[in-house]
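My structure is below; once you've seen it, I'll send some questions.
Each chain gets a letter, A, B, C and D, in the order it is written, and its residues are counted from 1.
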Amino acid sequence: MAGFDKVVSSYAEAMAGLTDNMTIIAGGFGLCGIPEGLIKQIKNMQTKGLTIVSNNCGVDDFGLGILLEDKQVKKMVSSYVGENALFEQQLLNGELEVELTPQGTLAEKMRAAGAGIPAFYTATGYGTPVGEGKEVKEFNGRPYILEESIMGDFAIVKAYKADRFGNCIYRHTAQNFNPMAATAGKITVVEVEEIVEPGELDPSQIHTPGIYVDRVIQGSFEKRIERKVLAK
Amino acid sequence: MAGFDKVVSSYAEAMAGLTDNMTIIAGGFGLCGIPEGLIKQIKNMQTKGLTIVSNNCGVDDFGLGILLEDKQVKKMVSSYVGENALFEQQLLNGELEVELTPQGTLAEKMRAAGAGIPAFYTATGYGTPVGEGKEVKEFNGRPYILEESIMGDFAIVKAYKADRFGNCIYRHTAQNFNPMAATAGKITVVEVEEIVEPGELDPSQIHTPGIYVDRVIQGSFEKRIERKVLAK
Amino acid sequence: MALSREQIAMRVAQEFQDGDYINLGIGIPTLAANYVPADIEVMLQSENGLLGMGPNPTEDELDADMINAGKETVTAITGASIFNSAESFAMIRGGHVDFTVLGAFEVDVFGNIASWMIPNKLIKGMGGAMDLVAGAKNIIVTMTHADKKGNSKLLPKCTLPLTGVNCITRIITDLAVLEVKNQAFYLKERAPGVSVEEIREKTAGELVVEGEIPEMSFA
Amino acid sequence: MALSREQIAMRVAQEFQDGDYINLGIGIPTLAANYVPADIEVMLQSENGLLGMGPNPTEDELDADMINAGKETVTAITGASIFNSAESFAMIRGGHVDFTVLGAFEVDVFGNIASWMIPNKLIKGMGGAMDLVAGAKNIIVTMTHADKKGNSKLLPKCTLPLTGVNCITRIITDLAVLEVKNQAFYLKERAPGVSVEEIREKTAGELVVEGEIPEMSFA
């Protein structure tokens, strides 16, 4: 009887089942709140042809950027990319495809996927390259475009604390895309700073209820700061 | 300089601006987590022709049910109604209109309104009376219906704790529709059990950020239990 | 002999698997929580916003802010989570709830279900039922096989306004366990002492009987 | 004389009203936070999920989990709230943010804005800019009136791929404050010492000058 114990003890178990050409939804904003160990595991697995849905693609030697080194990524769905040289090079060489998606639309596409909503209307991107080829409909005299949800074979998530049932909380702005990503994976894996006992997290304060989570792994994090700016 | 101090000191101030034929979005599920004092204030104001969007309509002498006594309600948009005799009578007399809406669709309509999403697709209600006359579109071979968001002139919300900035938390299952309702009012009024100092609520644990809230009032609550069932 | 309400609930509980998230409707479905096999764990979702619903409270535990979707006072188990209604139905609509068990007035061979409205009677509303049948991965309908007048509730086509279409795959009645597929009801099990003939007689939609039909077991 | 970046930011800050929720883009808009009038309070929204953004941290306060939309380390003020990206853009898309201030490459007389993409240069993406211009109640564009070669950025029609359509109503440049309406730029204020003629010369789209145009005041 495993019941609801979702804790796995190795990164290999955490990402078991990931194969070439899968789609991965990843939490994180810049280098903040990223599942560092799960990303390293994907690199170790050398899985190829991946589509990665993530607001950004890390930097040259950290975060999702390390998956570029061995050309594991076929396509990025992101709102802002190119913080690293390798990304730029692979994009210009045509080795990497990018689908630029407005940040709010990206967050909502993940949420919608998890919530069983296949598509929604938004004004964001209407009349711009983002709206091209998309269905347009007017509501109260304003035009909106239809955006479809986006689901992953895997979702990789970074949480602050989680219990073995998969209930998660996030810390400060490391929350970002993580809660939506957690809902949008056929298999959702959470890498966590601290595993706590069930009951330690206040039920009304849980950001991600365990029902969305399939696997929990205790991580260890470098938590690199992308732009350290101090008070003058 | 009022800044972000949203606390008002009277129910009259709290509901100032409410006029006949307006639409009110109300939080609460059954009698749980309802803004008792704001509802009484609406009764005192004798505003007529109201459209009320709320999962339920209270009971005969409590909650939204008290607005039926003087026929203040023109229309209810709800998922489940008729827990009181007056409701039934007014419905059969044609004095009251009801738009039955599936519970999840109702919650999502409120959220969508607050989030600037005018419409979304859902499988809920397809092929049923709820889907009649609504746009149908297939995604991945499954038919979905288009549901439009629903915005209120006012939203009335019941919170557990709030600070003067309007940041709110809810307690246990008294959360229910309240966070969505809070986002869906042109004017959002929160009646709260306890007003706390800014900073007392952990920023990462706030259910409703103050940006959605226009007015906060210290309430006093009976918290009536609709179906008291004890362990055997 | 036809099953009692408790026996239907017991048979329903046999469907549950370790680790299942389950939403139980009012009535017989709720009773199934009492018969979860001892060697598995399941977690109950209540659509007003509670995952990990526990039993009703003692007088000491009673709290007006802790209710279930039936508006009854309840408790939360250790490790429960509580959330808003949009999140709750995101779980349901998004297919994260493994099982929904609910009652019905009628089910037909297309897997359509009618459970919320009888025209010309006062209509109270569908609550969360339409979301549940549209969203759950597995739905079990529990009901009596026929109404009090003996009219079958398993029909070639539902006559009442629908709750959902093409969504019901499994039915547990006081007489039988049936699967819905290929526009027919497939008989899988009989209530102890109930004959295939009696089930056939009380099933208005096409009934398929393949091989020997075992009796339900309540060991 | 043309305004400095700091002076543009000072003029922008004069637009703010007590109780405004404001999202400031990277660059000149961010500077505006330094010039909020002493007699009002505003609250800064950072679209990665922070309402109530404070100043950058001291070395002691530094926390990798506290960043703003520019990925810079920041702090949160007392009474701040922190939330996920879907909630953050619900605020933005839903019109709850009172003011958005952002830079642009071009604005035209239709209120269209181009700010994220220059074809044949590497494209980094729009981040949250498209959501911000689609959602905010009031948008102020800050930019130099013309590029380094002297080409006007206030055009009859944008030439670059758009960020949003019919959304810009107010522009604050190093030379002027302008309103966008009736398919024209309406001159409202001049930078101190800058003539209407110079502004007209550097405004490619139709410029409307009604009456005496006052100089900006930085009292």
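Here, a residue touches a chain if its C-beta (ideal position, glycine included) is under 8 Å from a C-beta of that chain, and two chains touch if they have at least 3 such contacts.
Remember, it's a predicted structure, so these values are computed and weren't measured experimentally.
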Chains touching both chain A and chain C: B
Chain whose Cα centroid lies at the greatest distance from that of chain D: C
More contacts between chains, B-D or B-C: B-C
Chain centre separation (chain B, chain C; CA means) in Å: 29
Centre-of-Cα separation between chain D and chain C, whole angstrom: 55
CA centroid of chain A to CA centroid of chain B, Å: 32
Interchain centroid distance [CA atoms averaged], chain B/chain D, Å: 35
Chain C: positions in contact with at least two other chains: 76, 82-83, 86, 89, 92-93, 134-135
Of all residues in chain A, the ones touching two or more other chains: 108, 111, 115-117, 122-123, 170-172, 175, 203-204, 207
Chains that touch, pairwise: A-B, A-C, A-D, B-C, B-D
In the complex, chain D residues that touch chain B: 18-19, 21, 39-41, 43, 45, 51-52, 76, 78-83, 86-87, 89-97, 134-135
Partner chain B, residues of chain A touching it in the complex: 108, 112, 115-123, 137, 139-140, 142, 144, 148, 169-172, 175, 203-205, 207
Interfacial residue positions of chain C with respect to chain B in the complex: 46-50, 55-59, 61-68, 70-74, 76, 82-86, 88-89, 92-93, 112, 117, 122-131, 134-135, 161-166
Partner chain C, residues of chain B touching it in the complex: 29-33, 55, 78-82, 88, 91-92, 98, 100, 102-108, 110-111, 122-130, 170-180, 207, 223-232
Chain A residues touching chain C - in the complex, by the definition given at the top: 1-4, 111, 113-117, 163, 165, 167, 183, 198-199, 203-204, 206, 209-212
